[in-house]
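Common to both upcoming complexes is subunit A, partnered first by subunit B, then by subunit C.
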Partner chain A sequence: MKSRIDWTAYGFVAPALLILALAHAYPILKLCVLSVQETDVLRGTAHWCGLANFSGLLADEHLWTSVRNTLVYSLGVVPGILLVSLALAFACQPFAARWQRFMRAALYLPGVVSVVVTAMVWTRVYDPQFGLLNRTLAWLGVNGPTWLGDPRWALSAIVIMSIFTALGTPFILFLTAINGVPKEYYEASEIDGAGPGRTFLAVTLPLIRPTLLYLLIILTIGSFQVFSAVYVMTEGGPNYATFTAVYMVYEEAFRYFDFGRASALSVILMAALALLALAQFRWLSSEVEY
Partner chain B sequence: MNRISPWQKIGLGLVLLLALLNLVPTVWMILLAATRVDAGRGALRLDGAAFHRLFTELPVWRWAINSLCVSVAVTAGNLLFCSMAGYAFAKKRAPGLQALFWLCLATMMVPAQVTVIPLFLMVAGLGLSNTYVALIAPTLATAFGVFMMRQFISTLPTSLFEAARLDGCNEWQTFTHIVLPLVRPAVAVLGVFVFTSSWNDFLWPLVICNRRDMWTLPVGLASLKNEFNVDVPLMMAGATFAALPMIALFFALQRHFVSGLTVGAVKG
Partner chain C sequence: MKRQFVVPTLVGFCLVAISCSRTTTDDSRTEILFWSRPWWGDPPQYQDPSQPGIPALEWQAQRIAEVERAHPHIKVRREIDPGADKLRLAFASHTAPDVFFVGVDNEVMRFAEMGFIEPIDSFLTDADRADIWPSTLDIGRLGIRHYLWPLYNHALVILINEALCEERGVVGLLPKEDQDWDVATFLKVARALTFDRDGDGRNDVYGVGLYALGEAYPVQMTYLANFGARLFDEERGFVFHSPQTAEGLRFLRQLSAPGSVAVPGASGYRVMDMADLFFAQRVGMMLGTAGLTEYGKTQFQTGRAKPFRCRLAPVPVASLDRPSVSYLTVGAVAVSRQADPARCAAAMELARYLTSPEVNRWFWSKWASPRRSTPLPADPNLRTMMKLAARSENFLLPPVALDPRYDLPRQLDLFFQRIFSSDVPIETALAEFEAKFRERALRGVEGWPL
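And then the complex of A and B:
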């Protein structure tokens, strides 16, 4: 029965595959072509220019600024989110389900609204004079920096916002994973005289490793794509302090209309993301049994 | 029930404090939008002036209707097309089908940020800038949705579909009468996920629509910072206007928001 070929299958997959082919697969191929072409937007012509787009990019100091900023952002956001949400989930674990439900909702809520909204609100939070943050610091007797206006602080300010508003999903996944660890393991650890810190390192952490790795990859890939927050809060400034890779793609394409260069940059970004995704498949294939 | 140590109580206290702290910006946004300081009495007073300016000076309702039309159409398309493809990938046998499924998954590796330029040139080249087609069509089906529906339908017993066929259903009737009613739980989860991502999508509507009346809410809102930078209450009123539908949806459908998260996750 099962082995019979069912030709209607193609009809059922056709609409979805057609859309994916036109909106994803074909643009990927087209992107590679664009990256080795020089496009003239006004005349609507394009011609082969070899690797000129790539060599032009590599010679552009702003490329290296954007690479560095993207890496710094990623290295701030990913460990930040993982550490805070894991600590929160571990601290929540011993408590009743209704507390856990409240925590889930409270942490997840800021993540459901658009990043544009969040970024607008946090721009006010970071306002040097009237912002919530500097007013609180002033009350504590500290003279806060101008945050988004200060090249030394602007990127950190966006990192802090991104950590705070993205805690929901990792927290829920960690909590689910920690709740899934059999109770007897904790009891055994308590009988052996281990404190909470030891219990965490010796029992919880090894058993939630798959969740940790999954989040590590998902968050890293996501952090490489930061755009909306930069667009709304700083437009890459001040003095290129928050100029990230996707923001540079946007500027090259839609401000300077240099589609060839923007495409070359996208190809580089795509290669970086593909490597990360491959790492995901490699790491996730390892299993934890208990 | 195990005992709770003082350390754990301190931990919970800190956790609750952080959770509340996390909600502060949202509350502050609403306060900035809907209140003003009464200098005479030093107290906060409700004030609808910012919302009044928002509704009279800006086409926010138009933006909201654009956002709603796009999100509803994208969600409906995903639910139908992803269920269809997921059903075929899970339960049907045909040459090359497995390869197509892997190709479909492979597109998940490449995010929309990367393909925005070729897609823009394609869509603009077809003369479709500033149209609903341009806003809706590229995301009518997503690889994630196909993957999710396939995983869910795989868990349903194949005998159900064979029974329907023996009872004389054709393939389409089997799909509408047997598959669709059975996938309802997964449809709710995928629907919430797709609707939220579509409502909050920013880069694509930003580049493909430059006419003000075709903007979606996030794009319209982001434009405020250029024109109305000094009018903080107005900007916060706009942010509140865009955020409230999502917050309401979250409270109404919390269960589905949360269960969607564990789809891609692994046991641990």
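And then the complex of A and C:
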């Protein structure tokens, strides 16, 4: 029997789909078109150039610098945020609800502040002579580096700042996930003689895996898009030490007005992120049954 | 039911479309979009000090009304421009204002190079050419064309904490007004100003503040220029890789070496970071624009810094047989590319008026006039700065337009960051910079070698 389509349901979904199409699908399509065009911003013209933008990019040494820096940043930030927020959530879990609420607010608040403001504050924190960090290190007898002025440290400085300012959401999600694990499992684990470490690895971690997967994907995507902190704190320097992929997109588009190359780089970035997310999803996703 | 939904939606779309479209005037006047800045007309600078000041925006409205009265065919629509990135986006999206303020150090010459800005030569009168300092006009030159109406110029100078020099017993070594001094004396003063004030075994006051982040290349180039180094030479083209540059770079490295007289980490500092350290009396001397003294006054007035006596001096020279040379940071007004000649003329009328002596009379009487006809200010520091402005030089100007994909300011910033933050041999850094310049900057460039 032929089923009748209920157009009313589609009608309800249509406005959301329209907004999604305008806000996401159209820019992505336009991006793909621009990536195979040579654009002249001044005259407002664009013509087909095949894969010239991609080949030009691949031959550009700065692309590889930006890719390396982005990967290093991502490898620092994603595990850093996951580990610190998970550790904090795990440590907070035994506390009473009102302390958990306090911790949630305390860790979430820095995330509410604009990255630009946070980055400006951290620039002062990193001041080699008069900043809070090096002053504290000096008090401990350690001679701190010239964080943002030293190519060996500049990226690490941005990684550290990013970890400490992005703990809020992962902490809340981890805490909620940990609180959601049924108490019986912990009791059973205790009866079986498992210690805290074993309980965490055998009970907590597998049961919060969906949260871990979600955060891993979201944080990875976010880390590949790092821009504001770099723009405010180092402008990609010193000597390209913090030159990341999205910062390169910005430079190509708004410094050189080469929207073709900027779009080509964005397409590469988008494809890389899609593949990475897919790989993470396949690797980590599995049904969790309580 | 359907009509109830569709009609309001269509009305809404129409309203949005109307509000987003460019407004047109109902009269026949040519409407000029002018991006103003909030500081233009700021009472302490622009208004007659003997009269009660009015808010800057009100002052701006009065000046615009004057333009409209003097040129009945022009109607000016004013918008307040928050800064450089908005202009960049406006050019990229073909929504650039007709007339706008620019600091010449914010990529404006690249916009000119790309054809986004109208040349002003056919609108400059002989009187203008005779009155505006050649170096000031030169800052906005590309090839044989000029692109900017100069509004003010600040020569790069050495800002000195005179009170600190007195405390350390070296005030006698400082130059009087625009009298030249050499790098050896400068270094002697810098060493005296580097000390441990709180006795914790670490220096907490430094003689010199160096910074290399955020378009700081003119600062480093000014130090180098006083060693005789230049980027370009009208006869030989690119001459940056020279013994003079190498000597200047060695001097900068000497200042910034660990344990030396400069605050460590120059590559991580911007000009305003260093200005904050200077006015907090953590740094005794820095090279910057004379305009920073105004910033200092604000810091003092708001209680963010304790007041102290500040002196301006020329940039030190490698040897006293060569006069000190400075670089101008010019603020200007520009006109974006216009398709219609009548509109272009109207926009130029507005730009000329904004930068004219009649509007800037009070501003220039106290501060940074780009014109010879303005008498020197009474304040000794500003007089020093104006004297240096008169003998400044645009040593960053390429003799021909370079490949637009080669961003010389950015490359220079990165070069100096490399000098400050690594131990790459100076000769190697210079050779690599030259090789990249020749490979990238001159791609498709006509008229080179000169």
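Just so it is clear, the second predicted complex is superposed on the first by the 257 of 290 C-alpha atoms of A that agree within 3 Å, B and C clash if a C-alpha of one lies under 4 Å from a C-alpha of the other, contacts with A are read in each partner's own complex, and residues count from 1 in each chain.
One rule holds for everything that comes next: a contact is a pair of C-beta atoms (placed from the backbone, for glycine too) under 8 Å apart; a residue touches a chain by one contact, two chains touch by 3 or more.
As the structure is a prediction and not an experimental result, all values here were calculated from the model.
In the superposed model, A:F254 lies in contact with both subunit B and subunit C.
Looking at the superposed arrangement, the partner reaching more residues of subunit A, out of subunit B and subunit C, is B. In the superposition on chain A, no contact is made by A:G193 with either subunit B or subunit C. With both structures placed on the common chain, the touch criterion links A:A274 to subunit B but leaves subunit C unconnected.
When both complexes are overlaid on chain A, the residue A:M120 reaches subunit B alone and has no touch with subunit C.
Of the two partner chains, subunit C is the only one that A:D150 touches; subunit B does not reach it.
Using the contact criterion defined above for the overlaid structures, shared-chain residue A:A138 touches subunit C, although it does not reach subunit B. In the superposition on chain A, the residues of subunit A touched by subunit B in one structure and by subunit C in the other are 123, 253-254, 259.
On subunit A, the positions that touch subunit C within their shared complex are 41-42, 44, 123, 126-130, 138, 146-151, 154, 234-235, 237-240, 253-259. On the side of subunit B, the complex with subunit A involves touching residues 2, 4-5, 7-8, 11-12, 14-16, 18-20, 22-26, 28-29, 32, 77, 80-82, 84-85, 87-89, 92-95, 97, 100, 103-104, 107, 109-111, 113-122, 137-143, 145-146, 158, 162, 171, 175, 196, 199-200, 202-203, 206-207, 217-219, 221-222, 224-225, 232, 235-236, 238-239, 242-243, 246-247, 249-251, 254, 257-258, 261-262, 264-268.
Note for the complex: subunit A touches subunit B at residues 1-13, 15-17, 19-20, 22-28, 30-31, 34, 84, 88, 90-92, 94-95, 99, 102-110, 112-118, 120-125, 132, 164, 167, 169, 172-173, 176-177, 180, 183, 186-187, 190, 195-196, 207-212, 214, 218, 221, 225, 227-228, 231-232, 246, 249-250, 253-254, 259, 262-263, 266, 269-270, 273-274, 277, 284, 288.
Interface residues of subunit C, counted against subunit A in their complex, comprise 85, 88-89, 91-92, 94, 107, 114-116, 202-204, 206, 212-214, 263-269, 273, 277, 282, 337, 404-405, 407, 410, 413-414, 417-418, 420-422.
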